[in-house]
Amino acid sequence: MAKARVIITLKKTIMDAQGQTAENALHNLGYRGVSNLRIGKVVEMELDGAPKEQLSAQLDKMCRELLANPIIEDFQFEIED
Amino acid sequence: MAKARVIITLKKTIMDAQGQTAENALHNLGYRGVSNLRIGKVVEMELDGAPKEQLSAQLDKMCRELLANPIIEDFQFEIED
Amino acid sequence: MATATELHFGIVVFPGTNCDTDAWHALHDGMGAPVDYIWHEDTDLTGFDCIILPGGFSYGDYLRTGAVARFSPVMGAVTDFAAKGGLLLGICNGFQILLEAGLLPGAMMRNVGQTFVCKYVNLRVEATDTPYTRAMEKGAVLRIPIAHGEGNYYADEATVEDLRRNHQIVFRYCAPDGQTTAEANPNGSLDNIAGICNRERNVMGMMPHPERCTDPILGSADGRLVWDSLLG
Amino acid sequence: MAMEPQMWRELGLADAEYQRIVDVIGREPSPTELAMFSVEWSEHCGYPRSRPLLGLLPKEGKYAARVKGEDAGGIEVAPGITILFKMESHNHPSQVEPFQGAATGVGGIIRDIFTMGARPIAVLDPLRFGELDEPLARYLFRRVVEGISFYGNCLGVPTVGGELRFEAPYGGNCLVNVMAIGIVETDKVATSRAVGEGNPVIIVGNSTGRDGIGGASILASHEFAEDEEKRPTVQIGDPFTEKCLIEACLEALETGAVIGLKDMGAAGITCTTCEMSAAGDHGMDIDLQKVPRREPGMEPWELMMSESQERMLLVAQKGREDEVLGIFRKWGLNAVTIGRVTGDGMLRVRDNGELVAELEAKTLADPPVYHLPAEEPDYYREVQSADLSQVPLPNDMNAVLRDLLASPNIAAAAWACHQYDHMVQTNTVVAPGADAAVLQLKGHRQGIAVTTDGNGRYCYLDPYVGAQLVLAEAARNLVCVGADPAGVTDCLNFGNPEKPDRFWQFKRCVEGLADASRAFGLPVVSGNVSFYNETPNTAVYPTPVLGVVGVLDDVRRHCTPGFKRAGDVIILLGETHEDLGGTEYLKRSHGQVTGRPPTLDLEREKKVQAACLRAVREGLAASAHDCSDGGLAVALAESCIHGRVGANVARRPPASSSQHPRRMLRASRRSRPTSARQPLCSAKSGATTS
């Protein structure tokens, strides 16, 4: 059983309206030092059934097929056992 | 300028319907080894204006006040410069 | 408490609020009540007897519903207003803001079905000893529409137990015959909760939209009962 | 520096088009100018291939129409009250990224409405995908609906109708059309003209980024090639900013300090500066350095072409700038003066003090027109002469009816409709699910009804008749709810017009629509053309989708499709022919898409509709529903399902028509399912019937 964590973020060139709104809210709360705030998704899961060395390839495929939208999002992941 | 990443997830005791839906979808696509999939949020930002040793306390406060809702969510963060 | 002719309503407008005018029409055209808008940067609530936080997508619902709106300047004044016993009603996004602001206990999560749901639902009246429901009958079933993506009410067991003990659960989703079944629950809310009030009973939050069924031409006039209770 | 052919080709310009630009301006264009031409002269913005035919569509009808050259057109539905409406496609962006494609489709068409000073009051979303058993079609469908729900719900504009159709030809190229409707006092309709030398030109709303550069315009002006890299063209929607823009723009217009306002859709700053100048017979001098941007290092041509969403261009009255800017700031929006109106008709664009473009606005706004060849396609003869008399009668009519009712083209669209807020603004008197949606106009006795309809199969089998059938059906949907059809908008979805057989389909459809609109006395107040809806493997059916608005004299006098009470009399209006061609039945039960579409006699159709309308208006009808996909059998079943009552019907009316119906509808073995496209009314029992 391995644990995986995928981080999915909007591509840097794409506007993140949600992040912008949260950043403005933080500024209004007095946290003026915050900048470039962006909001993404994190997906955590347990993986089983494949030999460890294949997990990474499998996870990459899952991200492309379902978890992330490669047209507008980037993703990165780490697997630990 | 420090970079921070906050990970916000639903508390373990709360059913994550969105995660469940994604997990089912992965099973349907043939990824049967996936289990306990949970979806959360990741907030990335740059921090400035406070001495490094205070950043962590500041970020913790931001999370409690705005970024996470402690009734349903847990959060953790890391800061790197 | 104010009487019918005195009750002056204030409807708070946040950027992204979109049911403000609906509430205005329901109260002004439908009930003939005096009503004004309150901009989210205003902090003076003198003259108002009942403040409504209407539905919509304040700040786009970005981050979490209600999370950003609760920090608007007006919310400090709204909190004081409620603490002094003023009537405060949150509808849909307004309910979400009340939760985020801690004026009501609990939190909202995404609908269990993962999609936005807009439709008429049935509500069972659970408490009639609130200013918002005193014209209703306990156990009566009302038809009132919902329209939300995050109406899945959650609170920890102790909090819910508290709500029950103090009769703070005001509305529950139910079947047409009044049974609070799982199928009648449109969003996965704990214990079919659709609306709650605070212990003092002057603050209420509800996901369904009474302002959408004040005029019978829109399919139901059951929402009038909320206004009748307030104005009665 | 001489231009390499590659430069204009990458921008989607043909060599001949480039030569034409050189001829018209008498020199080589600068890179920025070339980019500006490439978008303005693209099919998406300039309609060079369709304009000659669009002139056929009538601009006047029985209601006072308001059409001329603005973003959307409309009709006056009550004294002093104008309803503006328009439909647009977002097909290609939705095929590439369904959620954002559909979302920005809603955003774009809504801007067309409030840019004219109207408050958006409704959206409708006619959608077409491949067959539902295709995973891709299911994915696109789900994500498109989510995208519309995400954007429209946040704006607080109800989505009150639409269509859902699933057919193989849309598999490689879905059709996502969106119609928006707005209301405005007739004398407050805003213009998009730039006039008055020295008046400030202000950009408002979101900042400008690289997203969607060459997006909608380039994407919509070509077929999909295999494995094309489309990423840079995706636009991202921000409904929250759009909601604030609506409020701020309407508030700004209310002050009287706004001279002209135009939304930035495709081709962003290029389109707005050039078209506002051309419309106002003036010019503009703008400085790109002032444009709020979200990425460093953007080139002038990128700024001019960016399709970043939720932006508008505004010309204010000199001296009242601050008043206008203040309103946008109050709503938390960017608002920056980027230049001035000039008197010489020239559009000058500066960057860092350097003049990067200097063109006559009118030249840019006036693309050349192409008269393309049209040629009857091979299949047409064949389907026209198909003999359907040999189609065998089914053994089990109940099974046929059940199968039709289960067709995703006929079954209720509740799964989609429930994801849309269709009640916000508290005007929705008849919600999605009926033949048309009915909206009240607060403070007026009158109401409006609205429907969208299309039928790619009919138009494929006979584009001329097909287009007329679509209009007839839309009008029929309106009379069924008690509204008098008043005005039309169209979204013409076709394949590659450079192929003569595709262009023939387009031409015949437009001719059919023009003739039918005239016959019905309906103006076509606005519209949109979407070409190149094809891939190497599939071309969509020729699919004109129509949005039609009707007027109810008294919004309380409306009808819905459900039978109301046991004992009411059911009346079928019009004539029933053996029209099997192109029916859902023929396709599902016999796997054929062929034959001629149903016969249409426009004069007779008008009479049937007039009778139905009168029955509803005079309160004689308890319910009304039109026979469309699935024919009479499906119409009867739907009226039963909506009303939760049964019906007893005979081929010929029994002597006593007040029988108490006890049995559910059972189709008689001998009757052939037809596609009779006629209204079906139920009258209150006791009312005289003929």
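The first chain written gets the first letter, and so on, giving A, B, C and D; residue counts start at 1 in each chain.
Here is the rule we go by: contacts are C-beta pairs under 8 Å (C-beta built on N, C-alpha and C of every residue); 3 or more make two chains touch, one makes a residue touch a chain.
Please read these numbers as outputs of a predicted model, since none were measured by experiment.
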item: C-D compared against A-D, more contacting pairs; value: C-D
item: Cα-centroid distance, subunit A relative to subunit D, in whole angstrom; value: 36
item: Rounded Å distance, subunit B centre to subunit D centre (Cα mean); value: 41
item: Between subunit B and subunit C, centroid-to-centroid distance (C-alpha), Å; value: 30
item: Subunit D, residues touching no fewer than two other chains; value: 238, 240-241, 332
item: Residues of subunit C whose C-beta touches two or more other chains; value: 59-60, 62-63, 67-68, 71
item: Touching two or more other chains - residues of subunit B; value: 66-67
item: Contacting chain pairs - touch in the sense defined above; value: A-B, A-C, A-D, B-C, C-D
item: Subunit A contact footprint on subunit D (complex, rising order); value: 96-97, 99-100, 206-207, 209-211, 230-231, 234, 236, 238, 240-241, 294-295, 308, 332
item: Interfacial residue positions of subunit C with respect to subunit A in the complex; value: 59-60, 62-63, 67-68, 71
item: Subunit A partner contacts - residues on subunit B that touch it in the complex; value: 7-9, 19, 22-23, 25-26, 29, 31-50, 58, 62, 65-67
item: Touching residues (chain side subunit D, partner subunit C) in the complex; value: 146, 149, 153-156, 238-241, 243-244, 331-332, 417-426, 428-429, 431, 440, 442, 555-556
item: Subunit D partner contacts - residues on subunit A that touch it in the complex; value: 13-15, 17, 21, 24, 69, 71-72
